[in-house]
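First chain A sits with chain B, and in the next complex the same chain sits with chain C.
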Partner chain A sequence: MNALAIVQIVLYLAVLVALVKPLGWYMARVYEGKPFGLDWALGWLERLIYRAGGIDPAREMSWKTYTLAMLAFNLLGLLAVYGLQRVQHLLPLNPQGLLAVPPDLAFNTAVSFASNTNWQSYGGETTLSYLTQMLGLTVQNFLSAATGMAVLVALVRGFVRRSSQTVGNFWYDLTRSTIYILLPLSLVGALLLVSQGVVQTFREYQTVTLIEPTHDAGGAVVTDQTIALGPAASQVIIKQLGTNGGGFFNVNSSHPLENPTPLSNFLELLAILLIPAALCYTFGKMVGDTRQGWAVLAAMLVVFLPLAAFCYWSEQAGNPALADLGIDQEAGDRQPGGNMEGKEVRFGIAQSALWASATTAAANGSVNSMHDSYTPLGGLVPMWLMQLGEVIFGGVGSGLYGMLVFAVIAVFVAGLMVGRTPEYLGKKIEAFEMKMAALVILIPPLVVLGGTAVAVAGDWGTASITNPGPHGFSQVLYAFSSAGNNNGSAFGGLGANTVFYNISLGLAMLAARYWLAIPVLAMAGSLARKKATPASAGTLPTHTPLFVVVLVGVVILVGALTFVPALALGPIVEHLLLAG
Partner chain B sequence: MSLVLAIGVTFFGLSAGIAVLLEHLLVETRMSAIYLIGSIVATLLLVYLTAALLKPEWFA
Partner chain C sequence: MVLSLLTGVVYPLLVTGVAQLLFPSQANGTLVYENGKPVASALIGQPFDAPRYFWGRPSATSRVPYNAAASSGSNLAPTNPTLLKFVRVRIETLRVADPGNKAPIPVDLVTASGSGLDPHISPAAAEYQVGRVAKARGMGENAVRQLIVERTERRTLGLLGEDRVNVVQLNLDLDRASR
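Presenting the complex of A and B:
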């Protein structure tokens, strides 16, 4: 690992950790209803939304009412995005005259954005009008992120409240997440991105003459290039902040108009982990012990850092097959060295590997390099980070509520080992909580491994593989790992825009999002009903390094035991063949 | 439109059903969603294995 790479990674983490406390403190005040400054400036908007929607924000909801409100709201969002795509050719802001999106692709895209996955079977600049991108996708970027944050807040209230039948008000949490957290951060971030050259315009695509004519695949001379434009900056910032990840352009943040400079890259990369990391502090603040939040954040970093470093090392080490041919892959003054296939020269290997790790640790899914071109072990890292259940930072809200479920399992396992009563944050962990936790950790592997098995069992799935053999298996496993954990990134070599993949991945995204949120909310309801148990000599402290180790162990063991056999069929065997 | 309506409404209807199921579980009935899922998976696996034994050409 060279010094420049270390500086880049350390700087990134330093800025990230420095922002955790102020942003986390701010978000805690937003959810606790305490003054935080912006309520004075934007309170009118919040009140207007409540009045327009006929909402009484003070009306408390049981966990079931909260769940039904969440499901109904997300179903409406899904239908709206679907409808918008199907009639986009009749609507304004479509300067390229793009046609209606086919039904299966529209379904996949609508599910993808409603569920905060943002898997993209479409190419933005060739499929979607400006109106669809803005009114459909960007709006869902805000609302799906806010939905995840609302579910998290309900779970945290479950820990905080004593003998309560309610977990809060879904509309209150959704509205405040959107207008006090996501909107202001997006506004500032979008302006910063525009300053770096990220495009933001309604003008039609521009055709320019090439300085140096080239040839197409058929040998014909090409003298012109069409440059796709659009209102990208406003969508790019929320795709990062909301851990959505759906690129405005097809190649996502590799595109020079979506991520033009190293500074824009740093800002976008920071935005990926910013809210998921800060929510750890928010959680600690809301439960009245910030050490709890730091412990969870520490566990996330303990898993993230070595994996990111391993991904970087694998890519910098380069391709063993090329090394055998005597090709120089050492970094030097004239070349970055390593495996630069599928990576942008302006970002290099460190920024690409760090992004690949961050975007899959968080349930983001945006890319600034092509993961399909990574070395087998380099590509294994993003895949496994997703398979860990998107709890290492994870999606905004969803990552932390997933991690808190793992914390519940960790105290249960620790309790079994030493004969202590399982308690977490003063609440007894009993059979019901464990059943809900088991559902949360069982559903994603069921979706991922079951989906992959079905896909590789016949032509319906294998026909889309562009690189047969173990890498082809990796392509399919990656696709279902991504959809089954609401990430959205892809091994782009898989031709996923088929009816089979659009429907099966769509269903995988729905199950991964909502069938996890329901048990989490059920757990919140159950915890809220319990009385507080005072800490005793038999209570396992959950803010200590020991607990961090136990928590990391549980996350890794569940991820390893569940997915290593499948990984052995894909990236591991591919590595052995390559190194052979 | 019929496709997304069918799948979307079915899925979310099913999800609401799961919420109700968990609510029952919460108030101490003996139903458990885990056993339900486990039995469905086990049944599917059994059907697959039996079919693979009797008609391997289906999976060739």
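Presenting the complex of A and C:
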């Protein structure tokens, strides 16, 4: 391993962990309604939103009302994005005269952004007008993220409250997440990105005269280059912060105008894990024991770090198929070396592999290198991180509520081993909670493996495969792992813009998002109704290293047992072919 | 509805306004002008295949290489025979353009970038091409190397990313030096 690469990975995690406490503390104040400074400056805006929507933020909701509000709000967002795409050719802010988006693609994109997946079947600069990007995608980037945070806060209240029929007010959580957390961070972040060269303009695409004329595929002389522009920075920062990941441009954050320098890369990378990590502290603060939050964060880091390092190692080792062609793949002071197909020189291997791991650990899905061209084992890491259920950091809100469900299962398993009634954070875990938890961990594998099986069973799915052999299977498995866990990254070669994939992946995203959020809210409602059980000698403490080990064990066991057979057919066979 | 207007209209407009005010060049694509005409974005690569220019990364964009209106990577798997075929052709092209050069070729010079628009190559990939460019232009190799050093961007804080050479800027410098 290259020393500078290790330093880059360690520095990244150090900065991340240093920010967890301040931001986590701030977010806890936001949700608990305690003063935090910004409410004083922006309170008028919050009140304006409530008044315009006819909302009483103090009115408490039962889990069912909360769920209905969440679903209705998301359905509305989905319809708005679908409608915008279908009529974008009639609307302003479309300087390139882009046409209406076809129905299956518009459905896929609408679901993709409402469900915080941000799978890109669309092509960014070639498909969507500036207005669609802003009023459709940027809005959903904020609101789907805020939805995830709201559901998490409801679950946390379930642990905190005693004998209560209610879990909070959805509109209150949604509004405060947006205007006090996501908007201020995005404003600062977007301007920092512009300073590095991320574009932010409403001008039409820029044409420049090429320094040396070239030829197109048909042999005709080409003397100009048309450079796609747009209001990118404002969307790029929120796609990162909100673990959305849908790019402004087709190639996402490997595009030089979306991610121009190593510094912009570091900022965007930090933004991927920032809120999911800090929410662990928020959770600890709200349940009155920050050690609980640190324990969950520790479990996430324990899984993340070795996988990121393994991904880096595999990519830096390079492509054995190119070994005897007279090419230099060795890393050094003067070149990144390694497997550079699909990667950018300014990022090299370390910043690319770290990004690939972070974006799939979190349910982000933005990319700064093309995962399809990764070595088999390098590509296995992002795929498996998604298959673990997006709980290692995961989506903003959704990752932590997924991880808390795993924590509930972990105390249940530990309880069975010693023959005690399982408790978590002073609440008894009983049959209803376990049923809901089982739903949460079983639905994504069902969607991923079932979807992959249907896709590879016939021409409708296999015709889109672009790489031969086991890698072709990996492309399909990756697509359903991504959609079925609301990640959004892809093995991009797969020609996924077909009716079959647009619809099937759209349904997978819907199932993975809402079939999980509903049982989680049901669990929140059930927990909130319970009395607190005082800790006794028989209670398993859930802030200790021992519990971290148990939690990691449960996550890995579920992930490994479910997916190893499928992984063996894809990346593992491919690796053996390449190495042998 | 108010939230939609806030995040979908007010917020992007606010960012655009402030960005255009504080960073007018960056916000509009970091364009490079020659005689008042835009000739390039400093951040977007261009295709080069004449011996007198430094060549950038191979580009996998459709219709024409470095198509900056439709960014794309190759998405070829490491096991794909097509990738191997492409790499062989690129090696052959480099060797033919510079028959005397027997040095191993830096990997970034024969593999397609993620965006298809990468404006950079590694310093090693630039060094590999020095002999060819100097000969084609009748310049001294050290004069060419000096220009490379001037267009080498270092790792941020000596840590982040990689050292890299901006091919577009370097080729513009070469043309200016030859005039």
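As a working rule, the second predicted complex is superposed on the first by the 573 of 580 C-alpha atoms of A that agree within 3 Å, B and C clash if a C-alpha of one lies under 4 Å from a C-alpha of the other, contacts with A are read in each partner's own complex, and residues count from 1 in each chain.
Following the convention adopted for this analysis, a residue touches a chain if its C-beta (ideal position, glycine included) is under 8 Å from a C-beta of that chain, and two chains touch if they have at least 3 such contacts.
Computed from a predicted structure; not experimentally measured.
Engineer: Could you check whether chain B and chain C clash or fit when both are placed on chain A?
Structural biologist: Superposition result for chain B and chain C: fit.
Engineer: Looking at A:Leu507 after the superposition, I want to know if it touches chain B, chain C, both of them or none. Which is it: first, second, both, neither?
Structural biologist: first
Engineer: Look at A:Gly197 in the shared chain and tell me whether it touches chain B only, chain C only, both, or neither; answer first, second, both or neither.
Structural biologist: second
Engineer: Tell me which partner A:Leu13 touches in the superposition: chain B (first), chain C (second), both or neither.
Structural biologist: Neither partner.
Engineer: On the chain A superposition, what angle, as a multiple of 10 degrees, is formed at chain A by the C-alpha centres of chain B and chain C?
Structural biologist: 130
Engineer: After the superposition on A, what does A:Glu212 contact: first (chain B), second (chain C), both or neither?
Structural biologist: The answer is second: A:Glu212 touches chain C but not chain B.
Engineer: Examine A:Ala323 and indicate which partner it touches, taking first as chain B and second as chain C; both and neither are also allowed.
Structural biologist: In the superposed model, A:Ala323 contacts neither chain B nor chain C.
Engineer: State whether A:Val251 touches chain B only (first), chain C only (second), both chains, or neither.
Structural biologist: A:Val251: touches chain C, not chain B.
Engineer: Tell me which touches more residues of chain A here: chain C or chain B.
Structural biologist: Higher number of touched chain A residues: C.
Engineer: With the two complexes overlaid on chain A, what is the closest approach of chain B to chain C, counting only CA atoms, in Å?
Structural biologist: It comes out at 20 Å between the closest C-alpha atoms.
Engineer: In their shared complex, at which residues does chain A touch chain C?
Structural biologist: Within the complex, chain A contacts chain C at residues 4, 7-8, 11, 45, 48-49, 52-53, 80, 123-126, 134-136, 138-139, 141-143, 174-175, 178-179, 183, 186-187, 190-191, 194-203, 205-212, 214-217, 222, 225-229, 231, 233-235, 249-251, 254-257, 260-263, 265-266, 318-319, 321-322, 325-329, 332-348, 351, 367-370, 372-376, 466-471, 474, 491-493, 574, 577-578.
Engineer: Touching chain B in the complex: which residues of chain A?
Structural biologist: Where chain A meets chain B, its residues are 64, 67-68, 71-72, 74-75, 78-79, 82-83, 86, 103-104, 106-107, 110-111, 432, 435-436, 438-439, 442-443, 446, 457, 503, 506-507, 510, 514-515, 518-519, 521-522, 525-526.
Engineer: Can you check the complex and tell me which residues of chain C touch chain A?
Structural biologist: The contact residues of chain C facing chain A are 1-4, 6-9, 11-12, 14-16, 18-20, 22-23, 26-31, 37-50, 53, 57, 62-81, 83-84, 87-88, 91, 104-108, 110-125, 127, 153, 155-156, 159-164, 168, 171-172, 175.
Engineer: So in the complex, the part of chain B that touches chain A is made up of which residues?
Structural biologist: Residues in contact with chain A: 1, 3-5, 7-9, 11-12, 15-16, 18-20, 22-23, 25-26, 32-34, 37, 41, 59.
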